[in-house]
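Here the chain labels run A, B and C in written order, and each chain numbers its own residues starting at 1.
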C-alpha cells in the first residue's frame, strides 16, 4: 500500500495542479464572459425608479424580488443542504457528498446563469438577470446534484466538474426545446430537472460500471449518526419542496396553487412510503433508506402539474402512487438494475427522481389535456397555459400531446448526453483501470484509490495515516 | 431472547400487516374525503383574475400567499425539523423521534385540513383551502408533536397514529369552541396548541405509566452528538418562533407586532434560563437539557398576547418569568411528577409547553382586559379584537374573562381527551403487559420490546442482530 | 487534580452565584430600560390603520414587515445556527461554541436594540422599533459572534458577557460615526460588522495570549462528525449571505441587486478557495477548514458594495480574490500570527472576516468613487448614495474618500476597544494565571480549567468524571 502510494505520488507531481488549474481557468473564463454578457435586469438595476414609472407600478413591493426571493432561498437550501446532506446516509461518503456537492453546485450555477441567460434573458447583446435567473440556475444545478447521486464515490472532483459543465449545457438546450419550442409547462421540473438529471446520471454510472464494487456492498450501509444527518437533508427537501415547485410559477394564484398541491402530494407520499416500507421489509420494520428518499417522490411527481388545477385530491393520488412506486423501486428495481443492467445507482436516484419524474411528466400531460375553460375561467385558462400569440389556437389535448413529447425529448437528451459524457471519462480517466494493483487495495474499495481521486479527495486530519 | 423473539414473530405474522393497512386505508379515506370536500380557495384558484377584479385588488402581491408563505415555511421547519430534532437529545430515541414525528405529522396534517376546514373554511359544501389552512394544519399537528414528547419511547407507530387521529379531531373541536364560540384570540396557540397538547400528552403518559421504567433513568441521558443534534431542533424552534406566533395574525401591524414581541420574549427567556440552570445545578454548571428546552418557553408564553399591544418590555417580563418557571420545572417538578403522580414526561413537556402555555393564556387574558382605545386607536382596537357584528359591544374586561374561560376549556378538553385516548390503549394494546417474560428483556427497557413495537420500530441495518 | 478541584470548589462557593446574578441583574436592567424607552414603531403599532392613511398607503403589504421579514429570518439563522455550528469543527468546543454563542447573542440583541435605538430610532424620548431594528440588532451581535471565534475556548461565560456588553456598545458608536457622521454606505457591514468585529476579537485574543496553548495544537483538529456539523454552519452562512447583505438595503432594486451581487461573489469564492486549498496542501487534498471558512469570504468582501452597481462580473472578481486571500491566510498567515505576533486565532477569523472585511471596505470605496449618473440614472444615483439634504453636493469621489475613512475609523475603534476590554480581563480575571498548579493539568489544556470557567462550562452528563 505504502509502495503504491509512493508511485501514485510520483505520478501526482503534476496531477495536484489539475484541480487548481481547472478551477482557476474556469473562474477567469466566467469573469470574462460575465463581463461581456451579464448585466442587472430592470428590477435589479439602479434605473428601477424610471422602470417603475414606465411599467406603471406604484410600489417597490411590486418588484419581482418580493414575489420570489423567499422561495429562492428555500430552493437554495434544497440544493446545498438538502441534496448535500441527503447523501450522507452512506457512511463512507459523508464528507465528499456535502463538500463535492458544494463545489459542483457553485461551479455550475455560474455556467447556468450564462447558458440559460443566452436562451431566455438575452436582450440587445446582454443577459439581464434577476432573482428568477438565480432560481433557474439553482434548478439547473439541481439536475446535476441528482446525477451526482448515481455516481457518488466513483469519480474525482475534476470528472465531476467536467460532468457538471456538460450537463448544465445540455440541460439548458433541453429546457429551451421544451419550454420554447414545444411550449411545454414544467415549472417544478419533473421533466427538465428530474427525468433529465436522473437518466443522465444513470447512463453515466452504467458506463462507469466496475464489477468489483459489488462485493463491498455492506460498506454502503448507513450508521446511526449518518442517518440523522441524512434526515436533515430529507426533511429540508421535503419541507421546502412546495417552494421548489412554486418558485417560478406565475405571480398570484399559480404560485399559491403549486405550493398547496405539493404540500398535499408530499403528505400522502409519506404515508404510502411507510406502508410499503413496512410491508416489504422482513419483520415489518421501517427502512431508513425508504424514509429518507421515497417520501420525497411526491414532490417530484407533481413537478409539472402542481401549478395546474390538479386539485388537492389529485395531488394526494399522485403522491400516494409515487411513494409506492419509489419504495418498490428501492426494494426490487435497484438490485435488478445492478445485477442485470450493471447500473450501480449509489443513492437510488432511479427510485427518487427517474420514475417519479416520469410520473410527473405523464400526470402533467393528462392534467393539461383535461383542462377546460370552465375549471380555469376564461382568463385563467389562457394565463395558465400561455395560450397567447402563436399558441393562441392550441387546445388542451394538443397541449397534452406536446407535454408527452417533452418527456420523450428529455429522455433522449439524457441518454445521449450521459453516453457522451460518460464515455471519454470511462476510457481516458483512470476509472476503468482495474489491474491487479487495484485488487490489493481491497480495504476501501468504494473510495476510489486511483491516483486521480486519491489526489483530490477531502483531507481529514484525523483519518489514521495509511501504514 | 432469541426464543421470545421467535414467539413474537409467530404472533407478528399478521401484525406486520397492521401498519401498512392502517396507512393505506387512511390514505384512501383521505383521497375520497378530499375528493368530495376540498377545493382551492379563491386566491389559489385559476379564477383569481376574476376574483381580483371583484375584490378590487390591483396587484398579485395582494394575494394572501405573499403575506403568509414565508411564515408558513418557517412553521413547517419548526414542526418537522424543530420538534423532530429537539427530541434527539435522548440518546436511545434519535431515530424514532425524527422518523415517527415525520410520520405522525404527515398523517395528521391531512386530517387537520379536513377537520379545521369543516369548522372554518366550509362554503357551499366545499372546504376552500389556501396557505392559511396549511399553517393551521401544521399548528394542529404541532400539538400532537408536543404530546408525542411525553410518550416518546412508550408507544408503537400504530398507537401514535391512533393518538394523532383523536388528538387532531379534539384539537379542532376545542379550537372551534375557543375561537368561534368564545370569540377568544389565540394566534400563537398558547391555549389551543401548547396547553391543550401538553396536558393531553401528560394525561396519556399517566395512563401508560410503567413502574419498571424508573430504574433505567440513566439510559435517558444525553450524549455529545445527540446534544448537537438536539440543538438544531432547539435553535430552529427558537429562531422561527416569531413566525409561529405571527403566521396567522391579521395582515400588517399585527403580524409585525407579533414577531417583535416574540423576539423580545425569547431573548429574555434565554438569560433567565441560563441563570437558573447555573444556580440550581451543583457546581454551577449549565445543564444542556435546560438550554435545549427552557429557552423556548418564552415563545410559548407570549403565544396569545404577541399580537396584542403587549409592548417589548411586557414581552421581556413574560419571557423572563417563563424561563424561570420552565427551568425550575425541569429541576423540581419533573422528578415530582414521576415519583408522586406517576407521570413519566420523557421530554419534559410539562415544563416547556404546559406551564408556559398556561402563563401564555393568563397573560393573554390580562393583556386583553387591559386594552384601551387609547393604546390601540379606535380602529385598531376594533380590528385587534374583532369587536364587530355580534361582538360589537364586548368590552376588554369581558374579553379578558372569555380568554380565561378559554384556558379552562382547553384544560378540560385535554384531560378528557387524553383519558379517552390513553385508556383503551393502556388496556387493549400491549403496553400494560408486564409479565415475567418482559422482566427477562431488561437489556433495552425503555425501547418497548413487546410484539407491537418490536414489529414496527425503525430498521437500522448496522445495529448488531440480537443473538 | 482532585485536590485542585476541591480547592476550586471551595473558592467557587460564591463563584457559582456570579453567572446567575449577572444574567438576572442584566435582565432586570433590560426590562426597566425597555419599559422607559422602547415602544412599537408606527408599522408595528395598532395605530397602523391611521398611519396607512397618513402615509397614503393602500395596502397592508406596504408594511416594512413584508419587505424585510424573510431576510430577517435568514439573518437570524446565520447568527444562531450559522456562527454557532461553524465553530463546532473544533472537536473540543462543539458544545460550548453553540451554547455560548446562543447565550451571548440573546444577551447582546437586547442591549443592541437599546444602543442602536438611541442612535437611530429615537423620537420624542422613545425608541420606536420595527423589523429593521431586529435585523440591525442581529447584525450588531454578529460582530460579537465573529470576535468570539478568536477567543473560543479561552474565556468563561461571564467574560463573554462582559465582552459582549462592551463590544455592542462600541459597535453602535462606530456604526453611528460611519453611517451618520461620515455618511458612509455599508449595508452588508464589511466595515461595521466584519472589520470591526474581527480586529476587536484579534486584539482581545492577543492580550489573552497563553504560550502553553501552543503545544496542544493537535487537539484543535477536527473530526468526522464535527466536520459535518460545521458544514451545517458553513452552508447556512453561505446560502443566506445574500439575505444578510440585502436585508437593510433600500426597498426595490437595491435589495434585489445586493442579493444578486452576493450570490455571484460567493459562487466565485468557492472555486478559488478549492483551487488554492488543493494547491497549497501537500498531495493536493482539499482541507476541510478552508472549505468551511474561506468559501464564505466572498460574502464578507461584497458587504459594502453589494447594493451598489458592482455588476455581476465585478462580484465574481471580488469573490475570486477574497477566496484566494482567505485560503492563503489559513495556510500562511495564521501560523505567522500565532508564532510571531502571539495572536491565537482559534477559528481563523483574521482570514474569514478581517482581511475580507478590509477588501470589502476598499471595494466599496472604489465602487462608490466610480459611480456615475449614467450608470445609476439621475434618480437612482441620488437614491443609492442618499445624496440629499446636507449631502446634496457630495460627489462620488468624495464619497469614496469618506468610505475609505470609514475603514480607518473601524480599525481604530476595534483596536482601542479590544485593548480596553481585553486588558482588565487579562489581569483581573483568572486567565493569565499560569502558576505551577496549572502545569499539572496538562490533560485538557485548551479547555480552561481555572475555577472561573470550570464553574460555568456546559454540563455534559456523559463526560467521565475527573479522577
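In this section, contacts are C-beta pairs under 8 Å (C-beta built on N, C-alpha and C of every residue); 3 or more make two chains touch, one makes a residue touch a chain.
What you see is a predicted model; the values in this text were computed from it and never measured.
Engineer: Specify, for the interface formed by the sequence copies chain A and chain C, whether it is same or different in terms of residue numbers shared by both sides, with half as the dividing line.
Structural biologist: Mostly different residues form this interface, as fewer than half of the numbers used are common to both chains.
Engineer: Roughly how far apart in rotation are chain B and chain C when fitted on CA atoms, stated in degrees to the nearest 5?
Structural biologist: Copies differ by a rotation of 120 degrees.
Engineer: How many angstrom lie between the CA centroids of chain A and chain C, rounded to a whole number?
Structural biologist: Chain centres of chain A and chain C, defined by C-alpha means, are spaced 34 Å apart.
Engineer: Could you list the positions in chain A whose residues touch two or more of the other chains?
Structural biologist: 58-59, 61, 66, 70, 225, 232
Engineer: Taking the complex as given, what residues does chain B use to touch chain C?
Structural biologist: 58-59, 61-62, 66-67, 70-71, 74, 221-225, 227-228, 231-232, 235-236, 238-240, 242-243, 251-257, 259-260, 263-264, 266-268, 270-272, 274-276, 278-279, 281, 283-288, 291, 295, 309, 311-313, 316-317, 320, 375-377, 379-381, 383-384
Engineer: Sort out for me which residues of chain A touch chain C in the complex.
Structural biologist: For chain A paired with chain C, touching residues are 9, 12, 15-17, 19-21, 23-24, 26-27, 30-31, 34-35, 38-40, 43-50, 52, 58-61, 63-66, 69-70, 73, 76-77, 80-81, 84, 88, 94-95, 98-99, 102-103, 106-107, 109-110, 113, 129-131, 134, 157, 225, 229, 232, 455-462.
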